[in-house]
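Consider the two complexes below, in which chain A is the common component and chain B and chain C are the respective partners.
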Partner chain A sequence: MVLEASIKSTDLSIGYEYDYGILWVVNSVNIVVWRNTTYCIIGESGCGKSTLGNALAGLLPTYAYTNGYLEIEGRTVVRGDETNYNGVRGRIVTRIPQDPSSALNPYATIGEQLVKVIEHHYGVRENALEKARELLKLVKLPLEVIDYYPHELSGGMKQRAAIALALAPMPKVIVADEPTSNLDAYLRGVVASLLKRVQRELNLTLVFITHDIALTSVICDYIAVMYAGTIVEEGVSSKVLHNPLHPYTQLLFKAIPKLGYRETLSTIPGSPPSPTSYPEGCRFRPRCPVGFSECYKAPKLIEVKPQHKVSCWRYA
Partner chain B sequence: MGITLNYVVRRIVLSIAIILGISIITYVFIYLAPGDPAYVWAGRPRGPLASEAIARARVELGLDQPIYVQFFLHVLRFFSGNWGLSIRFKQSVFSLVMRNFASTLELLLVSFAISIPIGLFLGIHSSLYRGSKIDAAINSLSIVLSNTPRFWIGLAMLLAFTSLNIPTYGRISDNFRGELVERVGLYLVDSLLQGRLDIFLDVLIRIIPPALALSLYPIGAIARVTRISLSEALQEEFVREAVSLGLPRNTVVYGYALRGLIPSLMQAIGLFFSYSLIDAMAVEYVFGREGLGNLLVKAIPASDFPLVTAALIIVAIVYVVTNTIADIVQALINPRVTM
Partner chain C sequence: MSNSTLLQVIDLYVNYRVVRKFTDITSRVRSAVAGVNFTLSEGETLGVVGGSGSGKTTLLKTIVGVLKPSKGEVIYRGVNVHNAKGELKKKIMAEIGYVPQEPSQSLDPRMKISSSVTEPLRALGVGKSDRYERARYILKVVGLSEEVLELYPRDLSIGMLQRVAIARALITKPKLVLLDEPTSSLDISTQAQILNFLREMKEVFNLSYIIVTHDISVASYLSERLAVMSHGTTIEEGSVDEVLNEPLHPYTRVLIEASKLKEIEESLEEASAGCPFINLCTFKTDVCFKKPPPQIAIGMRRVKCWRYSSK
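Let's turn to the complex of A and B:
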C-alpha cells in the first residue's frame, strides 16, 4: 500500500492574544498523518492537544492566531495567519466531541439530526432516512433510536450516536477529541474498538486525541507525544510504546499501572509549564531527570530510528 | 410532553396569589397616600354642608369600617365579578378598564410588532460579531435606546409630526369617531372589519408615533438579552458540533443556537411587555390617547382605589399570560420539559 499524506503540517503554531502579546499554545508542530491510519496524540492536560485537534477540525475560535502551514486532504486550510475551512468542515473533516451528551442537539431526535446533515451534504431526501439507518447499524445502535431524543439514551449510546453523526457527512478524516474520557472502563474499550473498526471499514483517517495510554496500544498506528505545545516524540505506535526514547514519554509510561506487575507507580515531579512561562530551550528541562547543559538550547524533532522521531539532545 | 392538570392548577393558584398581592399593595398605598376618596365621591363639596356630605360618602363607600374589613369586602367583591364603580368617573370599573385596555393593547401590539424584529436583528448580529466594532455600535445604540425617556421622545415626535401637519394627537379623527363600529375594541381591526380603509389609515398614522416612542425601550432590552443569551448558546458543544459537521451558518445560528432560546426570549419579551404597559402611561398622556396608562394617571390623584386596583390587575394578568405562553412554547420546543 502506498502511503499518502492526509494531513500535513509545517511549523503549525496556534495562539491566543493575551495582555503581553500572543500566547502560542501550539508551537511549530510538524506532523504527517497518512491516509487510512489512526494517529494518536497523547499528553497531559493543557499541553495543546485539543487546540491542535480543533485546528484540524476547523473549530478554532475567530480570535485565534495561526502561523505556519496546514494541509488536509490536499486543501490548504492554514497558511500563515489566514485560515479557510470552507468546504472542509463536514465533507472532509468532522470531529467526535469529548462529551457526547452536550454535543447532540437536545431539541431534535437522533434521526432528525442525521437526516439534516445528510440532506445538507447530499441533498437526497428519500435516501437520507435510509442512510441514517445504515449509520446506526454501523455503530451498532438499535434502529428505534432514530426516534429518540438524546436525553433518552444512555451515555454509551449517546457516544455511538455522536459517532454516527460525525460519520453522516461521509468525511475522510475524523478527529476524535478524547471521545472516551466520560465513559466507564468497559465502554471506553468498546467505543475505542468501534472507532477502530469504523476507521478500517470506511477507509478513514482517524486522529485520536487522548490521555488514556492504555487505549492507544489497542487502536493506534502512529503515536505523537505532546508536551507544552510541542511534539516531543512521534513514531509507529509499537516502537513508541515498547521503546520510548524521550525522558518525558518514559516517565509518562511509568505512571500507568500495568496488570500483573507490582511496581510502584511513579509520578513526574512538577507540572507542565503554562504557555506564559515556557522555559528556555527544551521545555521539559526543569522536570527532566537526565537533563544536561545542552538542554538550554531548543532541540529539534529528528528521526533517530526508522519511523521513530524524538526531540531530545541525548539522541542528537 | 404535554400539559398536565397539575400545571394548570399551579398557574391558576399563582395568578390568584399575584392578584391578591397586587390588591393588598395598591390598597395599602392608596390608604396611606394623601387625598380622600370620600371627598371625590361626594363631588368635592364646599360650603357648610360639605363635612356632612363627605361623612355620608364615607359610609356609602364603606370607608368607616376598619381597613381589614374594607379590604376583605373589596377582594370578595372583586372575585365575585363586581368590580364596583369608579370613584372619579362614577362608571362601571369593568367597562372602563376593558375599553381602555383595548386601546393600550392595540398600541402595545403595534409597538412590539416594531420592536421584536428590530431588537432580535440587532441582538443576533451583535452576538455574531461580538468583540467587533459592529457589536460595540449596536451595544451603545441599545443602551441609548433603552434609556431615552419615552415621554420626551413622545413630545418631540408629537411636535415634529404636528408641525408637518400630520395628525397624531388622539386615537382616531373626530370625523370618524361616530362612523366606526366597535366590535373587537382594536380600531385597526374594527376598521378593517368594516371595510373602511380611510379609517384604518387614519388610525394607523395616529398609532405609529406613540408606538415608536414606546418601542425604544424594548428594542434596546431585547437586543441586549438576545446578545447575551445567543453568545452563550453559540459556545455550546452541540452548536460547535453542528459547525464541525459543515452545516451552513444560518442553520447553525437559527436552527441550533437560537431555537433553544425561544422560550427564555419570550419570557423576557413578556416581561418587557408588562413593563411597557406602565411605560404607556406617559406616552398615552402625551399623545392624548385613551388607555390604561391615561386612566391610571387620572385615577391615582383621585384616590380611585377600585379603578387603580383593577387596572394594575390587568397588568398582572398580561404578565401571567405571557409567562404561561412562554412556558407552553418551552414544553413544545424542549422535549425534556413536561408541565
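Let's turn to the complex of A and C:
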C-alpha cells in the first residue's frame, strides 16, 4: 500500500489577538497525516491541541490569525493569513466534538437531523432515511433511536449519535476532539473502539485529539505529543509509547497510575507555561530535569530513528 | 493500622422521586443507591469504582449527611449520622470532610479563597482569628502560599483549586475524608501531583478515605479495598489485590480490561428483569434472566452473581 498524504501542514501557526499583539497558540507545526490511518494528538490542557484540531476541521473563529500552509486532501485551505475552507468544511472534514450535546439539535429527532445533513450534501433523496438507518446500524444504535430526541439518550448513546451525524456527509477526514472525556472508563474504551472500527470500515483518516494516553495505544497508528504549542515528539504509536525519547513524554508516561502499581508516582515539576510567557529556546527547559546549555536555543523536530521524530537537543 | 470500626453503612437505600406528568409509570421512585453495605476501619481507604449513573456520588452525599437515606443507616463511630443533633452533629460534621466533584464549580466565584476555606469552621462557630490562623496553617500543609488566601477562584489553576478544595475539607481536622472524582478534571501531570499529595496527607493526619472514581487504576493507587458499584449496589467488594488479580464479577473484569488498554467489544447495556449484566457475561444461565442475583460472601469478599451461589 502506497501511503498518500491526507493532511499536510508546513510551518502552520495559529494565533489569537490579545492586548499586546498576536498570541501564537500553535507554532510552526509540520505534520503529515497519511490516508486511512489514525493520527493522535496528545497533550495537556492549554497546549494548543484543540486549536490545531479546529484548524484541521475548518472551525477557527474569525478572529484567529494563521501563518504557513495547510493542505487537506489536495486542497490548500490555509495559505499565509488567508483561509478558504469552502467545499472542505463539513464535507471532506467533519468534527466530533467533546460534548455531543453541542453537536445535536435539542428540538429535532436524531432521524430528522441525519436526513437533513444527507439531503443537504447529496440533494433530496428518497433513500435518505434508508441511509440514516444504515448510519445508526454502523454506530450500533438501536433503530428506534431515529425517533428519539437527544435528551432521551444517555451520554454514551449521544456520543454515538454525534458520530453518526459526523459520518453522514460521507467525509474523508474526521477530527475527533476529546470525544471520550465526558464518559466513564468503560464507555471510553467502547467509543474509542467504535471510532477505530468505523475508521477501518469506511477507510477514513481519523485525527484523534486526547489527553488520555491509555486510549491512544488502543486506536492510534501515529502519535504526536504537543507541549506549549509545538510538537515535541512524533512517530509510529508503538515506538512513541514504548520508547519515548523526549524528556516531557518520558515524564508524562511515568505520571500515569497503572493498575496494581502502588509506588509513588513521579511528577513533572512546575506547571505548563502560558502562551503569554513562553520561555526562550526549548519551551520545556524550565521543567526539564536533563536540560543543558544548548537548550536556550530552540530545537527542531528531527528524525532520530526511522519514523520517530523528536525535538530535543540531546538527540541533535 | 488499628482495626476499630470507623464507619458502617447498613443496607442503604436512597430514592429519588421520578416526575412524569403524562405517562403512566409503575414506580414513582427510583433508587439511586439500592442496598449498599460496607464497613470501614480507621486509617483504611475504600475505593468505590463504577460507571456514570451507578450511584457513587449519591452514596457519598448520603454519608456526609447532605441527602437523607430512604432506608438503612450510616453509623459513624457508633452514632447514626442522620439522627445526630446539636453538639454531636457538629462533632460528626467536623470529623467527616467532603471534597466535591469539579473544584472549579464547588468554590463560590464571588468569595475569596480565605472565606471559602474557613467556611466549615464558621459553621462550627470558631472565632475569626482562630479561623484564619488555621487557614494559614492548612494552606502551608497543602503546599500553597499564604497569598492565595486573598485571591479568588478565577485566579488559580485547576490543580491549585483542587488543593484548595482539599484544604477546605481538612481544615476541621477530620478523621474521614470523602473524595468525589478527585482527579477526573485534571491533566495527567496534575493528577499525579494530587494523587501523591493525597497519599501524603493520609500519612500525616492518619486519615481514612472513601474515593469515588470511574478510573480503577486511580482507585487502586490509593486504596486498600475496592468496591465496584453498578445500578446502585456494590456488585463486588474485596481487597485491591484480590479484586484486581481474580475479579469474580463480569463487570469488574470489563472495567479492568478497559484500563488495560484492550479493545473492548461494543455492547449497549440494557437492564432486564434479571441480572443487569447479561450482555457482558459469558457464563449466563437461565436464572440470570429471571431474578437479580443476591449478595454472596466468599471469605472476606462479597459478590453479586449467580455463578457463585452454590459455592
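The rule we apply is simple: the second predicted complex is superposed on the first by the 314 of 316 C-alpha atoms of A that agree within 3 Å, B and C clash if a C-alpha of one lies under 4 Å from a C-alpha of the other, contacts with A are read in each partner's own complex, and residues count from 1 in each chain.
The criterion applied here is as follows: a residue touches a chain if its C-beta (ideal position, glycine included) is under 8 Å from a C-beta of that chain, and two chains touch if they have at least 3 such contacts.
Just so it is clear, the structure is predicted and the values come from calculations on it, not from any experiment.
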item: Joint occupancy of chain A by chain B and chain C, clash or fit; value: fit
item: First, second, both or neither for A:T94, with chain B first and chain C second; value: first
item: Which superposed partner A:D184 touches (first chain B, second chain C, both, neither); value: second
item: First (chain B), second (chain C), both or neither touched by A:R262; value: second
item: Contacts of A:K140 with chain B and chain C, given as first, second, both or neither; value: second
item: First (chain B), second (chain C), both or neither touched by A:L165; value: first
item: Larger contact residue set on chain A - chain B or chain C; value: C
item: Which superposed partner A:C288 touches (first chain B, second chain C, both, neither); value: neither
item: Which superposed partner A:L104 touches (first chain B, second chain C, both, neither); value: first
item: Touched partner set for A:G58, first chain B, second chain C, both or neither; value: first
item: From chain A, separation angle of chain B and chain C (C-alpha centres, steps of 10 degrees); value: 80
item: Least C-alpha distance (whole Å) that remains between chain C and chain B when both complexes are overlaid; value: 9
item: Residue ranges of chain A touching chain B (in the complex, touch as defined); value: 57-59, 63, 87-91, 93-95, 97-99, 102-107, 116-117, 120-121, 149, 151, 162, 165-166, 168-169
item: Residue ranges of chain B touching chain A (in the complex, touch as defined); value: 131, 236-238, 240-248, 251, 255-256, 259-260, 333-336
item: Chain C residues touching chain A - in the complex, by the definition given at the top; value: 50-53, 157-159, 187-193, 195-196, 199, 214-218, 220-221, 240-241, 244-245, 254-268
item: Chain A residues touching chain C - in the complex, by the definition given at the top; value: 44-45, 140-142, 154-157, 183-190, 193-194, 196-197, 211, 213-215, 217-218, 251-252, 255-262, 264-268, 271
